[in-house]
Amino acid sequence: MNTQYSIVALAFVALILVAGCTTTRTAQGNTDSKILPIGEMWEPDSIDPAGHDSGTLICEKALITETLVGANADFSLKPALATSWKQREPHTWEFTLRPGVVFQDGTPLTASAVKFSLDRVARVNPSVKEMMKYASSEVVNETTLRITTTEENPVLPAYLHYPAISIISPTSLDANGDLIKPIGTGPMTFRSFDEQTGTLTVEKNEQWWGGGVGLDGMVLRPITDPNTRALAIENGEVDFTVDVPYSETDMINAMDGINVEKYETPRLYKIDCNLNHTPLQDTRVRQAISSAINRDDIVTNVLYNVGKPAAGPFLPSMVWADKSLAPYPCNQTKARVLLGEAGWTDTDGDGILDKNGAPLELEMITYSERPGLPPMGEAIAAELKEAGIKVDFDVMEYGSLDDRRKAGDWDLYLAAYTIAMVPDPQYILTNWYSTDGTDNNAGYSNPAVDALIEEAGEISDLNTRYQKFSAVQDIVYDDLPIIPVAYYGVAIVKKDTVNGYVFDPTAHDYRINPNMTIEA
Amino acid sequence: MHQYLTKRIGSMVLTLFAISMVTFFLMNAIPGGTAEMVVKHTFVGLEQQASSAQLQEISSRYDLKKPIIVQYCNWVSGALLHGDFGTSYAYQKPVTAVILLRLPATLMLALASMLIVLVVGIPLGIYSAIHENRLSDIIIRVASIFTMSVPGFWLALILIMIFSIGLGLFPTSGYGTPYHLVLPALALSAHTTAVTIRIMRTGMLETLGKPFITFAIAKGLPTKYIITRHAFRNALLPVVTVLGIYFGHMLAGTMVIEQIYAWPGIGSLLINSVLARDIPVVEGCVLVIVALVLLVNFAVDLLYLAIDPRIHYE
Amino acid sequence: MSLLEVSGLNVTFPTQEGNVRASSDVSFSLDEGEVLGLIGESGSGKSVIGLSILRLLPAYAEVSGRILFRGIDLAVIPEKDLARIRGREIALLPQNPVLSLNPLMQNGRQLAEVYEQTGDDRVVARKKTLDLLQAFSFHDPAGVYTLYPHQLSGGMRQRLTAGIALSYHPSLLIADEPTRGLDRDVREKTIDLFRKIEDEFGTAILLITHDLDLAERLCSRIVVMYAGEIVEIGPAGEVFEDPAHPYTQGLLRARPRNGLVPLPGMSPGLSALPPGCRFAGRCGRADVSCTTTHPTVSGCGPGRCARCRHLF
Amino acid sequence: MNESRMEAGKTVPVRFGSFPHTWCGQSARAMLSHRTVFIPLVLLGLIACCAVCAPLIAPDDPGAIDLKHVVSLPSSKHLLGTDYLGRDVLSRLVYGARTSLFIALATIVISCVAGIVIGCVAGYQGGMIDLVLSRGIDIFIAFPGIIFALVLLGFMGPGVFNLILALSLTQWAGYARLIRGEVLSAKNENYVLSARTVGLSDRIITFRHILPNVVAPVLILATIDIGHVILSTATLSFFGLGVPADVPEWGSMINTGKTFMRTAPLLTVIPGLVITAVVVLFNVLGEGLRDVLDPHDGMEAFD
């Protein structure tokens, strides 16, 4: 009996050890070769460059593929794989490709390869196709591609900055059109993807057209929990990661050998006001709410300075942003006055304002997927209570929230939406403020705004276009169907040995800089 | 025996059916669980709207317009005829592939924890019983009742605090080397180990009070021999039962532990799929876990057959 | 020197409701080859005496007194030395053969392990086991060897435990209630078995029983216990013919052949013993002094003694 | 024959350190005199008092946010410091006792009632109904309930009511099995048979004769289950699937506190210790009760 037991036990141990050893070893910081271990924030569903999340991973984080169009820090466009572009006709654009670029497998970047790539994206990712209004493309010559849109799209080049529309070599796919591995033109070449752990390994592309690549390679290991990412970098398991818990950023920054940099990203914490509900139909009430919110306090104590107080929908650094706008200053007195003008007074002395016997009670909802939202909501609820508004606050999973939002069973909807999926204001302003906008949760309808957006949408000249959009930003600053609270931020956490990192605000989470180096 | 096996396997299959039906209808019936919304949400990402064309495309791709009963029948026939358990909304891959990718990690974790339970729980239980009411027994008992009462997720965090951050002995999270396995396995096994110690102790004490032990002593057999050859096997019977039950609890525990240690197993897959409303994967994970639990219960019954000659299954 | 001499044996179990005095000041002796019957009702403390001789009581039992076996005090020798006496010198025939056999171990193994303990290898042990099974009238020793206890009949289990007990030809066998719960047939066979043990092995037997018939048929001397103490000792014939103690008289009157006259009342709880005679509450002859003065054991004839003030 | 005579004058069987199986009446005193019953009972009573009188005991409003003093260390104003929104940790712990105990008690009561009803129906009706019900009971017992609870809550969303519902679904089967067994064995006993021939309805028979017999085992099971439910509640809240974020609850306190594991470990450690302590008390109490009420049975409560 005894011997049998020990044999079974030994077999157990052996099994576990063998299984443990045969699986891919997670790369630890290796000083000899300059491999950068990265703690990535999402679990990759796939490594298809045409997906929304996987596209961001492959293009901006793993640097395997590149887009036709690049963007500067102020969100203006710059050449990338395409050196120039021109709108030939309302529906037709011509793009000139960068000469001499080769894919990582040695095949050249040609117009037909780009066409192949675009057709594939349009096929496998319908929402991207819809976004860029892609109809077809044709090869004009080796280096020129003509793209036709289904309707006039003056900002097509901006859409081509979207990582899901990055260019892959036709050799990335097998005969059935299934992805073998992503082969792009970027500074890193795909080496392996461990499906089980979601770990992606890439290595330096010596022939990159952009010049010297500082790193020998990277290992991107998904760590979805912010706290776990913090632990991983503290413990030396990764050298670079993002979005550790905001509250820990200062503490981690103070640690030896690790530094934290905080940046704003193109995403906005905002509150949609449900204009179908009586109290919020009054602009003064919305302005009062905006005035009651102490944005500085929230940014400091809830976001720990990972973010900035927001004035309008766009980051001031964006080239089209109306820079004259300033965040609503916190002013409880002003809030009370505005509410009083709107007819809300505290007649029964319970601290909650009322009108015609009905107390001022609002239901605020938000979702839990973005860690900043629930505490921000609680803070805002407390501040509004101070102003005499009672707020019932509900945090839900986005899935259940979506239903509730559609049902209209809410007053305030706290959310963090992207403000630059593509580097152009039209997309956001249309979706948020036009009467039929897909993200017009408030139910806002202002003919002046609708008209301005429509006019601007047809103008190709950027300056006049941006002027019209600025006018929209001015109107909604006063109308406040959506109350901006703060710009989203990102905390970049890296070892001191990692040099040369430059933040790219146009990136969708973060972009790895190919010129980064690791000190030995 | 033959008849018993047939009956047993039949009832396992029936149970799986019942469970699959209950979960399928539950997930589709609960408000907020409509697959259509799920698909839309998972397809275009957080905070983005799906166009009606996309919705059309997707609900026809997943047959979501049909009545739930038809959907269920299709799903069952797919599963039975082609081993096709549907396609994950989030991963865009067959559920089977998604789960098979994650299953080894969970099995490894569960088996490693079971190993700890056996190697630690049983000897400590025996030791505690033999030293009844001595200081060592009291320490073991107090420790085990505490370990039984500690929330698993909290213990996992505390282990990280102590052994990763504090002592730097083990990685904080991840998967791949035996080092990565240590903390999750410890955290997962703690509760079951404590229960095992207690059951083993009780069983041992009960057995040691049995007349056949008295008789064995009267036969002049040495104490150690009596404990290993006479008492142990008898005291093991309740432990086997409890471990059978607790294997299921450990599988459930992997949800917590895997999430905290970023361990790529079924448990974290299940949680993430629940949060992402990836109904086919949730359904698949639940079925796999139920199947494992049923198999282990079955194995326990067979183990009984091996341990206890009095038991016969007809 | 007698084979076994028990003197002043006290056994107490501390419990939450106070101490349970399972045996009080018990003294008796047993000669080589003698069959001594220890009789009394259930709960009179007789089984405790059998178990305390081999130190088989649970650890929390408080035992005092001397248990001299061939001059060695079993109450004080180290456990290791005692283990050498258990089974080889003094064997126990347990009360309940069903519960006294390990249900998960083959019958033969339970016997063979005894031989293996003293150094026999498996083959020798098996051989000896089969021989012994044969000697205890098992028709198919090899078959019985591989069976498990639950597959045996009541009588077979009885014989198996007896076989195990006698495997080393001990000089003393403590038989604890050997007929409890047995049907008439098996009981008859048990009596035969004891006759055989007595005749063939010459073993001295301490027969602990409430079965008066059994005691009468097998024993040469009788010790009567009541409420944890000895009330009467004497040669079997005399005790059964002419019981001295009122309790013994009552016991005998309750036998079917004597007209089934039940003994009135209940024996006192062992945790709350009366200060006087423990039988006083049920005794027809009890007077006031009986309830206050605890009687001592006094001789009342050759080789006889009893614990009753009224006899003298 | 002589044997049974001898047995007539039997004393109480000496089963050391145990009590007779009947639990009513005399054993209430025995229960309280038992240390492992008395001490946890008193401590749990104190905790329950704290929960009930939370507004009187808690030094602060558990929802009062103070963004100027977030994650502060213990001070004279905040004995256990403040959390990520500057709320008083001690107050939240006190109010958290309310949440946890209310959820646990409500869950157990619902489970008990459901278990009793289903167990009685299964035991009494027999036949096909019993077959189906007891199969269901088996499945729920064999299957780790927290998975069901998680899936359910994941789809229904967090909330106290949803949580109680989901947890009850995971707990009822134990009671149903217990009661079904009791009903089955009692069904054939004389007093029930005679009650039936006299014409009492099944319901009356059940309540009068069977339920008193199961009070003890149900009490033991419920005590230990409360501990389990508190752990499950905390676990689900840890995943954000338990109670809404603004309701003070120990598990969600750990969840929000774990972020500050290094800067303010107390935020994680203390709620965990509180949960552990309460569950330990319930476990000890459950075992104490079992020792007192049901000395023969060592196993039931563990499965």
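Each chain gets a letter, A, B, C and D, in the order it is written, and its residues are counted from 1.
Note that contacts are C-beta pairs under 8 Å (C-beta built on N, C-alpha and C of every residue); 3 or more make two chains touch, one makes a residue touch a chain.
Since the structure is predicted, the reported quantities are computational estimates derived from the model, not experimental observations.
**Q** Report which interface contains more C-beta contacts, comparing A-B against B-C.
**A** A-B is joined by more C-beta pairs in contact.
**Q** Among all chains, which one's averaged Cα position is nearest the averaged Cα position of every protein chain shown?
**A** The most central chain, going by mean C-alpha position, is B.
**Q** So what's the Cα centroid distance for chain A and chain C, whole Å?
**A** So the centre of chain A lies 87 Å away from the centre of chain C.
**Q** Between chain A and chain B, what is the gap in Å from one C-alpha centre to the other?
**A** The answer is 37 Å.
**Q** Just how far, in Å, is the C-alpha centre of chain C from the one of chain B?
**A** The mean C-alpha positions of chain B and chain C differ by 52 Å.
**Q** How big is the gap, in whole Å, between where the Cα atoms of chain A centre and where those of chain D centre?
**A** 45
**Q** Please output the residue numbers of chain A that touch at least 2 other chains, ranges allowed.
**A** Residues 397, 400.
**Q** Where does chain D touch two or more other chains at once, residue-wise?
**A** Within chain D, the residues that touch at least two other chains are 154, 156-157, 258, 261-262.
**Q** Name the residues of chain C that each touch 2 or more other chains.
**A** Residues 58 of chain C each touch two or more of the other chains.
**Q** Which residues, counting only chain D, touch chain A once they are in their complex?
**A** 63-65, 67-68, 70-71, 84-86, 154, 156-158, 240, 244-246, 258-263
**Q** Help me check something: in the complex, which residues belonging to chain B touch chain A?
**A** Result: residues 31-32, 37-38, 41, 43-51, 53-54, 57, 90-93, 101-102, 104-105, 108, 111-112, 114-115, 118-119, 160, 164-165, 168, 171-178, 180-181, 228-229, 233, 259-262, 264, 272, 275-277 of chain B touch chain A.
**Q** Going by the contact rule set out above, which residues of chain A touch chain B in the complex?
**A** So the residues of chain A touching chain B come out as 1-2, 9, 12-13, 15-17, 19-21, 23-26, 43, 45-46, 52-53, 126-127, 130, 195-198, 221-225, 228, 231-232, 234-235, 237, 369-370, 397-400, 402-403, 415-418, 431, 438-439.
**Q** Would you tell me which residues of chain B are touching chain C in their complex?
**A** Contacts found on chain B: 132, 209-212, 214-223, 225, 229-230, 233-234, 307-310.
**Q** Looking at the complex, which residues from chain A come into contact with chain D?
**A** That would be residues 226-227, 245, 247-248, 251, 294, 297-298, 300-302, 368, 374-375, 378-379, 381-382, 393-397, 400 of chain A.
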